[in-house]
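Shared between the two complexes below is subunit A, which has subunit B as its partner in the first and subunit C in the second.
Right, the complex of A and B next:
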């Protein structure tokens, strides 16, 4: 298990704070999700209708861990700051690229990515931390380079997150995927990954 | 688990997180969708696998697309669409003719093409793993041959398991 020193930005002061990215979601992380993240999410969404709840409200990370752990080809990540869970990501390494210039080549596919409820502007303002998406995208890109996939990554964006992947990460949108609940499908090419690594 | 470590500078995070701003960042399934995560392999994924399979099969024979089309009694364009366009739904008759040339049962190939309801989750999982390990080089390398032969076994086995 590797731990990388990374940074997040405080939502109130805008200052960077040290955080840790762990390249395996452990039972301790799942306990944090069950005992802190999950209950806070429920409280903050108590008065919301089903359609107003966050798109990942029903995700059960314990259940997800139950099926990915025995399988090869999955990579899980937990992001922590001050002993609190800030983000979770599950990626796989056995899917193929769809964009023409890299069609059929192996790609890191982000199966699930979520941030803790206190880091979401629609649930808490100011948010506790910003940058969870940035750290997780960096993790996916570096995993891709490490496996020889040259930085290629892809995902299906939740609707509210499309601006992040399109405008901030400069990924290429291939349109709504009818086979995937019409979620927008994005890919990052090798050259886009190289650009992502550079200081903007 | 990987041996990956992030080595970005503090300045990189300062700039990049600034670009992230207040945007949402979630990726994956929508709420309200069934939590049957293993069903996430889609027709597009399996058609990519089918296309890679057709390409590797004919290259294994040393055939070009026109030769395979001639043997199957279909248009060359149909072969090229199957190999390169996962959004294109092939005709059932075309897939059955190809299965006949390959000497394989048609049902698993029809399933990969999205022409019949998915019945074998293991086949679809095997298909995406196969596709991810297939490259479009001119000749099969050892790695591709190994993946190709394993996938042929999976297709043949898909019928026996039902």
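Right, the complex of A and C next:
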């Protein structure tokens, strides 16, 4: 298990704060999810209708961990700041790229990516921290380079997150995928990954 | 460990390494991860299918 120093921005002042990116979600992280993230999410969504709740409201990270943990092809990440869990991500490494220029080549696929409820502007303003999604996407890109995939990554985006992947991460949208609940499918090519890496 | 491959197996490995833009070691590791993931799906009672993109015809893949 490796821990890397990364930086988030405080939601109120914009000041950089050091955080820790861990390349394995442990039981301790899952306990933080159950005991802090989960209850806060429930409280903040208590009076919301199902359609108004965050699209990942139903994700059960403890249950997900049950199936990914024994498998070599899955990579999980936890982002912590001041002993609080700020984000979780699960990626897999055995899918193929779809864009013509990299078609059939292996790609890192982001299965799930979520930020803690206190970092979501629709649930808390100002957010506690900003930049969780960017740090996680950078981790997926680095994993891709480490495995020799030259930075190629892909994902299906929940509707609310599409602008982030399209505009901030500069990924290429390949349209809604009927085989995946009509979610928009995005890929990052090697050259896009290089540009993303160099982004300040 | 040492992996002994027949010339035909080595040729396939080299072909895949070129096609996938990976080293031969990378291909072998990817194959292991993929087989384990597929085997886990089958053990959970799921089936693996391949679909023809044009005809949408599906055929089941059997992984031992």
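Rule of thumb we're sticking to: the second predicted complex is superposed on the first by the 198 of 200 C-alpha atoms of A that agree within 3 Å, B and C clash if a C-alpha of one lies under 4 Å from a C-alpha of the other, contacts with A are read in each partner's own complex, and residues count from 1 in each chain.
Here is the rule we use: a contact is a pair of C-beta atoms (placed from the backbone, for glycine too) under 8 Å apart; a residue touches a chain by one contact, two chains touch by 3 or more.
Please read all numbers here as calculations on a predicted model, not as lab measurements.
When both complexes are overlaid on subunit A, subunit B and subunit C end up clashing with each other.
Of the two partners subunit B and subunit C, more residues of subunit A are touched by B. Once the two complexes are laid over each other on the shared chain, residue contacts for A:156 go to subunit B alone; subunit C is not touched.
Contacts of A:94 after superposition on the shared chain: both subunit B and subunit C are touched. Within the superposed three-chain model, A:147 lies in touch with subunit B and with subunit C [touch as defined at top].
Of the two partner chains, both subunit B and subunit C are touched by A:104. Of the two partner chains placed by the overlay, subunit B and subunit C both lie in contact with A:67.
Superposing the two complexes on chain A places one of the subunit B stretches 2-10, 20-28, 56-64 or 128-136 into subunit C: stretch 128-136.
With the contact threshold set out at the top, residues 67, 73, 93-94, 104-106, 147 of subunit A are in contact with subunit B in one structure and with subunit C in the other. Of all the residues in subunit A, the ones that touch subunit C in their complex are 67, 70-74, 92-94, 104-106, 147-150. On subunit B, the positions that touch subunit A within their shared complex are 1-33, 35, 37-38, 40, 42-45, 48-49, 51-52, 84, 86, 128-129, 131-136. Against subunit B, in their complex, subunit A makes its touches with residues 1-2, 4-9, 16, 21, 23-24, 50, 53-60, 63-64, 67, 73, 75, 93-96, 98, 103-107, 110-115, 120-122, 127, 130-136, 138-139, 142-143, 146-147, 155-161, 163-165, 167-168, 177, 179-181, 183, 197, 199-200. Considering their complex, residues 19-23, 26, 30, 32-34, 36-37, 40, 44 of subunit C touch subunit A.
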